[in-house]
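What follows is a group of structures, each given as structure tokens.
In the two complexes that follow, chain A is the common piece, with chain B as its partner first and chain C second.
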Partner chain A sequence: MESVFRNRGATLLMLTPALLVYTIVMLIPIVWSVTYTFQSGNAVTGFEFVGFDNWIKFFGDETAIDALWFTLRYAIVMTTLQVAAGYGLALLYIFFLRNRSSLVRATIFFPVILPTVAVALMFTRMFEAAPTAGPVNAIIMWLGGDLTDFLGDPGYSFWVIIIMDVWRSMGFYAVLLYAGLVEIPQDIMESARIDGASGWKLVRKIVFPLSLPILLSSLIFSINGTLKVFDSIVALTNGGPGSATTPLTLYMFRTSFAYGQYGYGSTVAFMLTLLCLVATIFVFRSMRKDVTR
Partner chain B sequence: MTLAPRRAKLAAIALTGVGALTLAACSSGGDGNATASGSTGTSGLTSTEFTYLGQTQNTTIISTLESLGSGACSAEQASTPLVSDAIDGTTWDQQLQVLAGSDALSNMSMAAGTPSLMKDFIDAGKVLDLTDAFAQLGMTDPVLPAAEATLKQLYQTDDLYALPTEYNIEGFWYNKALFDQAGVTVPTTWSELVDAAAKLDAAGIQPFIAAGSDGWPVTRLVGDYILRDLGADALQKVADGSAKLTDPEYVAGADAVAALGQAGYFGPAAGSIDYNTAMNQFLTGGGAMFYMGSWALANFNDPEQDQIGVDNIGYFAFPEVEGGKGSISETPANAGIPVMFTTANYTDDIGAWVKCIAENYGNVALAESGQVTGFTITETPADQSDLTTMVQDQIANATGSILWFEAAFTSEGTTVSQTNGGGLATGSLSGADFMALVQAANEG
Partner chain C sequence: MTAIDTPSRRSRKPLSVTLRRIPGWIGVGLILLTVLYPMFWILMGSFKTQPEFLSEPFWALPQHWNLDNYVSAFVDGGLGTYIKNSVIAVFPSLGLILVLGTAAAYALQILVWKGRSLVLVLFLAGIMIPTQMILLPLFTVYFKIGITSTMWPLIITYTAIGMPLTVFMIATFMRAIPSEVFEAATLDGANVYRIFWSITVPLVKNAIFTVALVQFFFLWNDLLIALTFVTKSDLRTIQVGLLNFTGQYGAVDYGPLFAGISVTVFGTLALYVFLNKKVMAGMTSGAVKG
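Up next is the complex of A and B:
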């Protein structure tokens, strides 16, 4: 094997196809996008070099900062809830349902395969206030409460999005974490039980440390997915009311394609990329010590 | 140690080569799109088809074009068949930008919703100058002077660049029976309007119906208030930079509308009401006043939709603001979503379609859809409703027209205004906050 790698011709031949594909689909668009961050204009009006103007604008743009703050808030709340819900379900499969868990797993996984727009439409109807009160409002009014415009109120609409996305994604994380939990050797569990560990103590001392690698993967999956949230919010609230639920991705889309500011849109996109990178490094570094302990 | 620099050099060569290939591919792709429609791109030559792109929400234009194809324009249809396509209107401007950027606009399409975007298209030479085209085609005055003036004012051009497939006046449509029930008369001043709303509310009737989730039916009220209060050029001053929306006299307009929202006059869930729901609410007696354009005549004249009866619907102009510089006789007017023709692939065959559409569209749209357009009408249908006739009279008698709140704003200003307009109707956003958001968006 070593002799093959010493042969530079063979190395180049083997690497070239992958390198070509990677360059065409990844590197060039990224570099191209970065060059746009130093320009203003669009395909219709033409482009003009503006130096760092787009970057300066980003840090003074209240809407962008609001979108950044919303994105972070959404990512932190969603990651916490969906990984926690997934982990809870995975523990349920392992400890309580054991071999009988396949039907429950399939049922909870089902929302993952549903189209986002269909789920959003369903939740719109569930939380509807007008023209007719949806089931949630019907229950609230039956209990004596007032009609609440969940999707027209900035405070409520955030939590409707969270509820919908947790319901949609917890099945995925449950299956992912379940796959990690079943890999924990039974003899370790047995010996822990013999040593007197059970219930919460068993989970805390044995199951949790041994499932940290898969938890780390889940967190990285989750933080990157939630920082890039787009479709579910567009389908449910379209960033509203006002711009109360507008994440960076939607703001990037609007600046580029609705406002015709390709350069500024690319700057927002690049900021999002940096955010994903920083979040991934942060999660990775903070977990690495525990994994290798 | 000696391997690294050579490896880096090889990688650099490979990357440069791949980059150059990709750049070449991208640039040739752009040219390919420009000529992909099968047309020649220069006048005097022929086209194989006449392409039209519209919004799925608007079925009037395409059905009128199809009627023309089987009637007055059958010769054009035989030589250059109409091929139509439609996409969702909510992303219309985005789609047009992408198409215009690669010279792939259809021969005819609905114009951009944001006037500033249309100006970009016109400046970039993407849109056909119809004043020139009409002169070349030997046509005189196919478009009503009022509609032509509105379109020129909208795009700030000396020539005509779009055809008015609608010509609408805007104002309050009201339910006469509900007004009688609450003992309310038609208001002519803003104070009277607020008093009327209070009386209706006290009588258990929702005073206003507005599509808060769409935003624009609410921001229209802000714009009209400002134009009545500060005069017809007030919003142009904002666009020119000589005034700001955050100036106290402008904020007063947003505050006046926000006060209606805070009083709950738009109903309990105004922020979630969309256009169709609002229309349905008004036509089923769910509220007394509905600010809308005269394009809604098609709905009012449809007995299946209109449960309250077309004779039960009245119209009054946006009231005067006491002591204001604007006049009640200045009617908010617009050309709906006009249609434009692209300069790319413009041939004699497309010119023949332009001529036929300009000469016949108005008659066919009025006869088949009851649509009041900005074209010169040569045949008036015998069974026209009184409400339609009233609108035509209103257009004829208006001493001047004014544009809507966002007409002179940037794309970003328009979007921010319309996405936040619902907040005024629900009372969750103050006038000052709303104006600050829109002013900031307009300044980019």
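Up next is the complex of A and C:
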């Protein structure tokens, strides 16, 4: 059967279109973008070679360092919360709701497909303080608390973003992990039960180890997604108040398109890419030994 | 029926078991409430007048069920144009992603040739690359060849960006097909294209559908690429359009804003109710097939 699948013509025919689009629109621009990091200027004014100036500038740029810290903080908190929430929901679907879970799964999945901007506008109104108190403030005041300007306070606005993005994404991770959990063979579960494992013990000893591969995918997927956060923050806080909730992605967008600094913008983008690479390798290596056994 | 289900049809459960499950059901109810209530609140708000927003408590229902806010969102807000633009940008991209991605996954996972693992890694690397990394060179090129006032920059970029995840996911599903299936097909005399079209694609059909849905959310929810490459206001996609909605109406004109959010939220819901059954059916049948 080897000979059937060792078909050069078929390989070229089926691979070339995808590879061509991918190479021209992604790979070449990536390399091109790296060359921008050694230049200053933009498409209109022309470029000038500046060596490592952009790189040096990045580490002395307070706003950039703040954006870097924000990105890391957001990625760590979000990855932890959304994968944990997703796993919790997946276990709930499997062990509590069992075959009645489909409507619950569908409902909790729904926010995933909502346009981010619509969700962000919705949450802006939910957490609003002025001109009128939104539901969250109304409830806090009803309980005897004070009117809080959640989106105007750097400490609170971070958590509003987190709450919104967990709300948005938990259904996705729940279904992803659920899909992994239902693959666990019935006979393994049965024999574990016969051996006396049940409840948490069953989850810890059988379900969790067997779901490590799908957890690894979820973590890598999540950390990459959260490091690249853009839409929800632009629409919810637009990086504010001040630059308190500005991630690297938004900082790159501003430097490039608002200030026309392509070289520096590319440098910020490159730092972000490096961060994604390091994070992925870190997650992969710390979990691979468990997964491959 | 899922593979992991405990025998659910035992003899009638004792009352104590039913009672013990009540806290669980309350928990499920609370989770559903936090998911559904914000949308219900927006829907109710879309019928309210400005004075109602400012003077009535948030849980109050609208006094009149009129559609003025919706008319305003479509007529003054241009909501219809935004939705049309999103459809024009997303669906061609989605079609290209699926056709090119599935074929490439087959070439990389099933076909045998030197260097295929290297190319697969090359595709995989794309999952990690932030879109920001390719924006500036693409912007320069699109600008130079003069297509920035069309939808082409979006379609081209979306197609390329969807490729890595699509190839990776579909290749993963193809890896799960037992090799006996291919052996049997080869012995029956099927050629490489026949095996792709009549055996592999039907076997990963559910996976392709799932991938299509995931890609659809990504593209439909994209703000960054649309914000970068859409230079004309009448080419705005729904996300960019909504983002400008607040600016357009000011921070205080609630009604049309809530109507705009409602249209996108409940429009998506209508689509979801239709698609959801297939997705869930695909996932459960995929779990049973083994």
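Before moving on, here are some points about what is shown:
Convention: the second predicted complex is superposed on the first by the 274 of 293 C-alpha atoms of A that agree within 3 Å, B and C clash if a C-alpha of one lies under 4 Å from a C-alpha of the other, contacts with A are read in each partner's own complex, and residues count from 1 in each chain.
Criterion: contacts are C-beta pairs under 8 Å (C-beta built on N, C-alpha and C of every residue); 3 or more make two chains touch, one makes a residue touch a chain.
Everything quoted here is computed from the prediction, not taken from an experiment.
Once the two complexes are overlaid on the shared chain, A:278 sits clear of chain B and of chain C alike. In the superposition on chain A, A:129 makes contact with chain B only, while chain C stays out of contact range.
When the two structures are aligned on the shared chain, A:43 is found in touch with chain B and with chain C. Taking chain B and chain C in turn and counting the residues of chain A each one touches, the greater count comes from C. In the superposition on chain A, no contact is made by A:84 with either chain B or chain C. Residue contacts after overlaying the shared chain place A:179 against chain C, while chain B stays out of touching range. After overlaying the two complexes on the shared chain, residue contacts for A:254 are found with chain B alone; chain C is out of touch.
By the touch criterion defined above, A:224 reaches chain C but does not reach chain B. By the touch criterion defined above, A:113 lies against chain C but remains apart from chain B after alignment on the C-alpha atoms of chain A. Of the two partner chains placed by the overlay, neither chain B nor chain C lies in contact with A:56. Overlap of the chain B and chain C interfaces on chain A: residues 8, 19, 24, 27-28, 43, 131, 257. Contacts from chain A toward chain C in the complex involve residues 1-2, 4-8, 10-11, 13-15, 17-19, 21-22, 24-30, 32-33, 36, 43, 89, 92, 94, 96-99, 102, 104-118, 121-123, 125-126, 131-135, 138, 167, 171, 175, 178-179, 181-186, 189, 193, 224, 227-228, 230-231, 234-235, 248-249, 252-253, 256-257, 262, 265-266, 268-270, 272-273, 276-277, 280. Put simply, chain A touches chain B in their complex at residues 8, 12, 16, 19-20, 23-24, 27-28, 42-46, 62-63, 128-131, 147, 149, 151-154, 238-243, 254-255, 257-261.
Put simply, chain B touches chain A in their complex at residues 3, 6-7, 10-11, 14-15, 18-19, 22, 91, 93-94, 97-98, 100-102, 117, 120-121, 123-124, 126, 212-213, 267-273, 277, 280-281, 410-412, 415-416, 419-420, 422-423, 426, 428-429, 437, 440-441, 444. On chain C, the positions that touch chain A within their shared complex are 1-6, 8, 21, 24, 27-28, 31-32, 34-36, 38-39, 41-42, 45, 53-54, 57-59, 96, 100-101, 103-104, 106-108, 110-113, 119, 122-123, 126-140, 143, 156-157, 159-161, 163-164, 167, 182-183, 186-187, 190-193, 195-196, 213, 216-217, 220-224, 227-228, 238-239, 242-243, 245-246, 251-252, 254, 257-258, 260-261, 264-265, 268-269, 271-272, 276, 280, 283-284, 286-287, 290.
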